[in-house]
Amino acid sequence: MEVIQDTRPLIALLAPFVGVVGIVWAGEKRANLRETITLLTGIFQASVVLSMIPLVLADNVIEFHVWQIFTNVPLLLRVDGFGITFAAVASVLWIATSLYSIGYMRGLHEHAQTRFYTFFAISMSATMGVAFSANLLTIYFFYEMLSVSTFPLVTHMQNKEARTGGRTYLSYLLFTSLCLLLPALSWCYVWLDGGAVTMDFLADTGKISFFSSHTQLVLLLLFTFGFAKAGLMPVHSWLPNAMVAPTPVSALLHAVAVVKVGVFCVIRVYSDVFGIDLLRGLDGERIMIWIACATILISSLIALSQDNLKRRLAFSTIGQLGYVVLGATLATKQGMGGAVLHIAMHACGKITLFFCAGAIFVASGKKYVSQLRGLGRKMPFTMGAFLIGSLSVIGLPPLGGFISKWYLALGALDGGYFWVVVVLLVSSMLNVFYLLPVAVTAFFRDRDEEEDEDGKGMKEAPWQCVIPLTCTALGCFGLFFFSDVLLQLAGLGH
Amino acid sequence: MRKLAVAVVVLTGGLLLYAATDFAAWGDPESPASDSDVSKHFIAETGVDTEVPNMVTAVLADYRGFDTMFETVVIFIAGIAILAILKLTGKDATKTPGKRKDEVDDAPDLIVTHTVRLLVPIIQLFAFYVLAHGHVSPGGGFQGGVIMGASFILVALAWDLPRAMDRLSVDRAILLAGVGILIYAGIGLLAMFLGGEFLDYAELSTIFPVSREMARYHAMLGVEIGVAFTVTTVMFAIYASLSSKGRLEGGL
Amino acid sequence: MSENSIALIFACPLFGAVLCTFLGGAKRALCHPVAVVSLGGALWGGIETLRRVVASESHEISYLLGGWTLDSYPRGVGIEFRADLLGTLIMLVVIGVAFLVALYSKLTVSEETPEKEGPFYTLFLLQVTGLAGICLTGDAFNLYVLIEVAALTGYGLIAMGSARAAAATFNYVILGTIGASFYLLGVGYLYMKTGTLNMVGIQEVIVQQDLADSATMQVAFVFIGLGILIKMAFFPFHAWLPNAYSHAPTSTSCLLAPLVTKVMIYVMIRMTLTVFGVDFSFEETLWTKLLPWLVVVAIVCAATMALAQRDLKKMLTYLIVAEVGYMVGGVWIYNYYGLVGSIFHVISDACMTLCLFLGAGIILRKVGTSHFDGLKGLFRRMPLTMTGFFVGGFSIIGLPPTCGFFSKWYLITGGMLAERWEYVVALLFSTMVMVVLFFRLIERIHLAVKESGEEFGHGHGDLDLPENETRFDEAPLSMLIPLLLSAAVVLLIGIYNQDVVNLVESFLEPLNLPKGTDR
Amino acid sequence: MFGEDGGLLRELLVERFNYCIYVVLLLIGLYAMIAKNNLIKKLIGMSIFQTAIILFYVSLGVKEGASIPIYKPEHDPHGHHAEDHADHKPKDANASSSASADAHDDHHEVQALTDEQTRQYANPLPHVLMLTAIVVGVATLGVALAVVQRIYRAYGTIEEDEVMKAIMEESQGIPSTKGSPKSKKGASKKRKAKKA
C-alpha cells in the first residue's frame, strides 16, 4: 500500500463552500444562476471524488494533512476504499438531488430557497469530511458539523411541526454525541499513552486492546450509540421526526448522507479502531448483533403500520441501517464487505423511493399510502421507479440490493450465526409486505369516484423531478451489473 | 437572613479564633513580619536610599509608590463614579426639584459664617503644612488633601453649596483630580523616559542638579502634591454630589 | 522602549482615562476615539510583552516598579510586575476584549447614558487598567489594590444604568467588599507569617520554613480562597452577578461579563500555584477533596437556573456562573490536564462570552427587549449578526472547531484522569443544558413560531410575517464588526488552540502536577 | 496555645487583646452587612468590617520597645547629628562601626542602621498598607452611598425588603419592554405619592 499526498480530498471538501459563496451571492433574485451553481458544484465535487477511484483501486491511499488538532492528533484526510465508496455514492447522488430539488422546491413555491441550498452544500462538505477522515477525532469534527448544518434543513418549514421535529432531531444527535461520544473519545485519547496513540484508522487498529475487556465493551457501546445517526434502536426516533424536512433533504440526507454517516462511523470504529480480530474475541460483541437484529425486525414491523409514506420509508431506513450495523458486528470479512456494499445499494434504492414520494407530493399533494390508488396510471414513470426501488431494497436480483444481502448472509454463516440468516430472510419478507403494497395500490387499485373529481388534472411530476428518479432507479440495475468496482473497493474483489 | 448571618458569623469567628491560636507573639520583635529582610531594609536603609526620615512616607511614595498611585486612582474613580451615578443629565437636569419639607430658607447663621471665615485660611495653611511636612513627621498627600477638602466642605456647610462651588466647582474639581493623577503618573512616566523603570524617581537626577537619593526625596514631594490635588478635589466632589443628590445645587 | 512595554499596558489606559475626564465636558465626542487609541496602545504593549516573554529563557519577565531591582535590593522591597506566560496570556485577553468592546460601545454609550461619555470611558479604561494589572502584578497587596480598582469602576459602570441596575449594584458592593476584605485579611495572615508581600517571596518562605501545618496559613488560605470565590461569583456566592450584569448598560455588561469572573479565576490559579505553591494548596488542604463536589452542585444549580430564564441577558449571566464552576473544578480536580483546561477555558470563555454579549446587545438595541419573545424570526433580519451570535453559542455548547470544544475537551480529560467522575458528569449535564438553551434560542431566532406555539403563516411559501419583521435590517457596522471579529477570534483560538496550549503547558511544566496517564 | 503561666483566657484576653477586638469588630460588621435590612446600616456594618481589618494590620505592626517609624534625630539623614558627630569623630574612622551616619565636610554620607538600631523602630509597612486600605474603604463607602441615593431616588425607600417589593411590582407591572429610566421613575413617583 502506497501513501500519496494529494490535495484532492481537501478540494472535494471545500468545493461546496465555494459553492455556498456563489449561492449566497446569486441569492433569491437570480434563482436560475443559483441552481446552476449548485449543480456545477455537485458535478465538480463528484468528478473530483471519482477521479480518485483509479488511484485507490491501484491499492493506494491518498492523504492530506490539514491541521494539528492536539499535540499528537492531526486533522488528517485520508481516502481509502471504504471512504471513497461512500464519498462517491454521496456526491453522485448529490447531483441527482440538486436537479430534483429544483423541481421540488419550485413546484411547491418554497420560501428561503437560498438558505436551503446553502446548508445543503455545507452538509455535503461535512459528509465528505466524514468519508475522508483518517482518525476518530477528525470524524467527530465533521460529524458534529453535519448535525448542526442539517438543522436548518430539517426545520425548513418554520412551523410548529418543524419545531417539534427539529427538537427531537437535534436533541437526539447532540445528546448522544456530546454525552456518549465525547467522553469515549477523550477516554481513548488520553489513556492510551497520554495521547500518543492518535486512533488513526490505519496505524492504530486494535490498540484499544490496552484496556480491559470490560472497558472495551463499555467503549464499544458508547461508540455505537454515540453515533446516533446510525439509527440503531433505541436512539432511532430522530429519523422519523426528521421527515418534516422537504423531501430532497429526506432523500439525500436521511436516506443517504446523514444516516450513512452514522453507520459509516460505526463500521469505522468496528473495523478500524477495534479491528475484526479484537471484535471477535470480545465477549459482549454478541449483544450488538442482537441489538442490530432487533432493530431490523422491530422497525420493519413498525413500518408496516405507517400510513404516511415518508414515515414508512423512514422506518424502512432504520431497518436497512440495522443491516449495515449487523454486517459490521458480525466481525467477518464478508460481513464488513456486505455492510459497505449495503451502504451503496441501499442509498441508491432508498433515494429513489424518497424521490418518488416527493414527486407524488409535488404532483398531487398526497402524503399517505392509502391515497395512492390509481396513481400508477397517472404517473407511470414515478411509480415504475418506485417499484424498482422497492424491489432493490427487498433484495431481488438483478438489482443492487441483492448483492449486499448476499454478502451479509455469507458473513453471518462465516461467523457461525445461522440464526442471523433467518433474521435476514424474515426481514426481507417484511420488506415485501410494507413496500410492495404501495406500488400495488398505485397500479392495481381503482380510484374512488369522488377522488376522481379532484384528481382530474393530475399528471406526472415536473421533469426536474422525474429525470433524477429515473436515473437512480436505473442505477439500481447498474449497481448489480457493475458491482465489480464496488466489490473491489469494499475489499471483497480479487 | 438573620439565621444565615448568625451562621456565617459563627463560622467566620471560629476560623478567626482558630487562626489566632497560631499568631506570632504580641509585639514580638522576632516575629516574621517585623524581622523579615524587607521590613529591616525599610528601617535600616530608607535613609540611605531616599534620605527621607519618615519611613512611612518613603515606603508609601517610593518603595510602594505604585500602590499609592493606584490608591490615588481609586479616589479618582470614586469621584468619577459618584458623578456618573448621581449626576442628572439631559431632561432630568433641567427639571426643577420640588423643595423638601425640611428645607429652610433661612440666611446663613452669622456666628457660624464668621467663625468659618476665620477658620478656613488656618485650616488650609495647616493642610499645606501637613502635606509639605510629610517627609519628616506624620503627614503627607492624603492627610493634607483631606484637610484641604474639609475646608471647602466647611464653606458649603456654613453657607450653602453654591458658595463653595463658586470657589471650586465640581467640574473643575474633577479636572483637578485628573491633574493630580497626571502629576503622579507623569513623574513616573518621565522617569521611564529618562531610562529607568516606571516610577524610578532616581532617574530624575539626570535632569535635576541633585543626587539620586535627593531626586527620590524631591520626587516624593511631587507625587504627594499630586495625591493632595486628587484627594482635595474628590472629597469635595463627593460631598457636593451626595449632599445635593446629583443636582449640584443647594446641598444640605 | 521595548523593555518598558509592560508599563504601557497600564500607562496607556491610565492616561487615556484622565484625558477622557478632561474631554468629558466640552468635547464628549472625542472620548470614544481616545479610549480606542489608548487601548490600542495597551494592546501593542501587551503583544510586545508576550513576544518578549516567549523569547526569554525562563519565560518570565520581572519588571521592578520604582527601580527597586532584585540585584541591589531584597525581593519585596518594591513592587514587582511579573509577566509569566499565564499572566501575559490572560492580560492579552483582557486588553483584546476591552479593545473590541471599546470599538463596539460608541452607539450604546451615547444612547443609554447620554452626556456621560466622559465618566463612562474614564471608568471603562480604569477598569481595564485594573484587570490588566491584576494579571501581571507579583505583589499580593498590590493585587488587592488593583482588585479594588476593578471593583470600584465596576460599581460605577453598572450603577450608571437604570435604577434597577443600581439596586443590583448595592448587592455587588456588599458582596464585593466582603470578598475583597477577606482577601485582604488573608494577605495579612500571610504577611504575619512570612514577612513579605511578594508572591514569590511568600512561596519561598513557605517552603523554607515549612509553614504547611500552621493554623494561620490554613486560615489564610481559606480566607483568600473564599474572598476570590465570592468575587468570581462561584455558585452560592453568585447572588450579585445575574442582576448586576443583566441590568447594566450594554457596553458595561459586554466588558464586565467576559472579564471580571475570568480574571478572578486567574487570581485563584495564581494564588494556588505561585503563592501557596502546589504542595500546600493541593496536598495540605481539604480543598481538593471538598471543592469538586461543591463545583458539581454549582454547575448543576447554575445550569438549572439558566434553564428557567426567559430573558436572554439573564440567561447568559447564569451561564457565566455555570462556566465559573467549570473552571474552578478544573483547578481543584488537581490534575495537569484539568489545569490546562481551566486556563484555556478562561481564555476561550472570555472570547465566547464576549461574542454572546455583543450579540445580545445588538438584539437588545434592535428589538428593544432581550426577552425570548422578541427573538422570533430574527435570523432573516440580521443574518450576519445572528451568525456571529451562533458561533458564540456553539462555543459554549462545545462544538468543534470553536475554542469551547477544546477547553471542554481538556476539562473532561482532566476529570477522567483524576477519576473525578462526578465532575465529568456535571460537565456533561451542563453541556446538555447548554444545548437545550442555545437551540431553544436558535429555534426562536430561526423559526417563525410564536411563544404560544401558534404559527404565523401556512407552512409552504409565505410566512405572513409583518413587513418590519422580514426586512433585511442588519446592525450598524460599528457594532457588527466587533461582533464578527470576536466570532472570528472564537474560531481562530479553536483552530490555533495548539499554540495557546503549548504556552500554557510550558508554564505548567515546571510545577510537576500529576498527569495521571501512567496507568 | 496554653502558656505556662496562664490559660487560654489570659492568652486571648490579655496578650492578644487587640486580636480579640478585631475579631469582635469584624463579626459585628459582617453580621450587620448580612442581616440588616436598612441599606445605610449595611454600609455602617461594612465600615466596621473594614476598620476591623485595619485594626488587625496595625496590631501586626506592633513591636515591643520600638518607636514610630520616623528616624530619631540621631539617625536622621538631615538631622543635627551630622554636625554633632563631625566634631568628635575622626574622618578616617571605621565607617562600618559607626553607630550613626558619618559626616563629611560639605556633604554627608548616610549610613544604614545596624541591627541594634533597627530594633528601635516599628515596621512601617503595615501602616502604609493601611493607609491604602483606608483610602479604598472611603472610596467604596462613597460609591456605595451614591448607589443608595440612586436607589432612594428611584424607589423612595432604603429598606431592602421594600426595594425588593418595588422591583417585583415593577417587573410584573411593566411588560418586557426596554426598562427605560423614565417609566421606572414614573412608577416610583406614584409610590412616593402613595406613601405621603
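Per-chain numbering from 1; labels A, B, C and D assigned in written order.
Criterion: contacts are C-beta pairs under 8 Å (C-beta built on N, C-alpha and C of every residue); 3 or more make two chains touch, one makes a residue touch a chain.
The structure presented is a predicted model; accordingly, all values stated were derived computationally and were not measured.
Set side by side, the interfaces C-D and B-D show unequal numbers of C-beta pairs in contact, with more at B-D. Note on chain placement: the centre of chain C and the centre of chain D lie 29 Å apart, centres being C-alpha means. Rounded to whole angstrom units, the spacing between the C-alpha centres of chain B and chain D is 13. Averaging C-alpha coordinates per chain places the centre of chain A 73 Å away from that of chain B. Note: centroid distance chain B to chain C, computed from Cα atoms, is 31 Å. For chain B, residues that reach two or more other chains under the stated contact definition are 16, 21, 23, 33-34, 38-39, 42, 64, 67, 71, 74, 77-78, 81-82, 85. Counting partner chains per residue, chain C shows two or more touched chains at residues 141, 145, 148, 152, 155-156, 159, 166, 191-192, 197. Within chain A, no positions touching two or more other chains are listed. All chain pairs that count as touching, in label order, are A-C, B-C, B-D, C-D.
The residues of chain C lying in touch with chain A in their complex are 337, 380, 394, 397-401, 408-409, 412-413, 416-417, 424, 428, 431-432, 435-436, 439, 442-443, 446-449, 453-455, 457, 459-463, 495, 497-498, 501, 515, 517-519. Contact residues of chain A toward chain C in the complex are 67-71, 108-112, 140-141, 144-145, 148, 151-152, 155, 157-160, 162-163, 166-167, 170-171, 174-175, 178-179, 182-183, 186-187, 189-191, 193-195. Chain contact summary for the complex, chain C toward chain B: residues 4, 7, 11, 14-15, 18, 21-22, 24-25, 63-68, 73-79, 113-116, 119-120, 122-123, 126, 129-130, 133, 139, 141-142, 145-146, 148-149, 152-153, 155-157, 159-160, 166, 189, 191-198, 201, 205, 214-216, 218-220, 222-223.
For chain B in complex with chain C, the touching residues are 15-16, 18-19, 21-24, 31-39, 41-42, 62-67, 70-71, 73-74, 76-78, 80-85, 87, 89-90, 171, 174-175, 177-178, 181-182, 185, 188-189, 191-192, 196-203. Contacts from chain D toward chain B in the complex involve residues 1, 12, 15-16, 18-20, 23, 26-27, 30-31, 34-35, 37, 59-66, 68-71, 75-79, 101, 110-115, 117-119, 121-128, 131-132, 135-136, 138-140, 142-143, 145-147, 149-150, 153.
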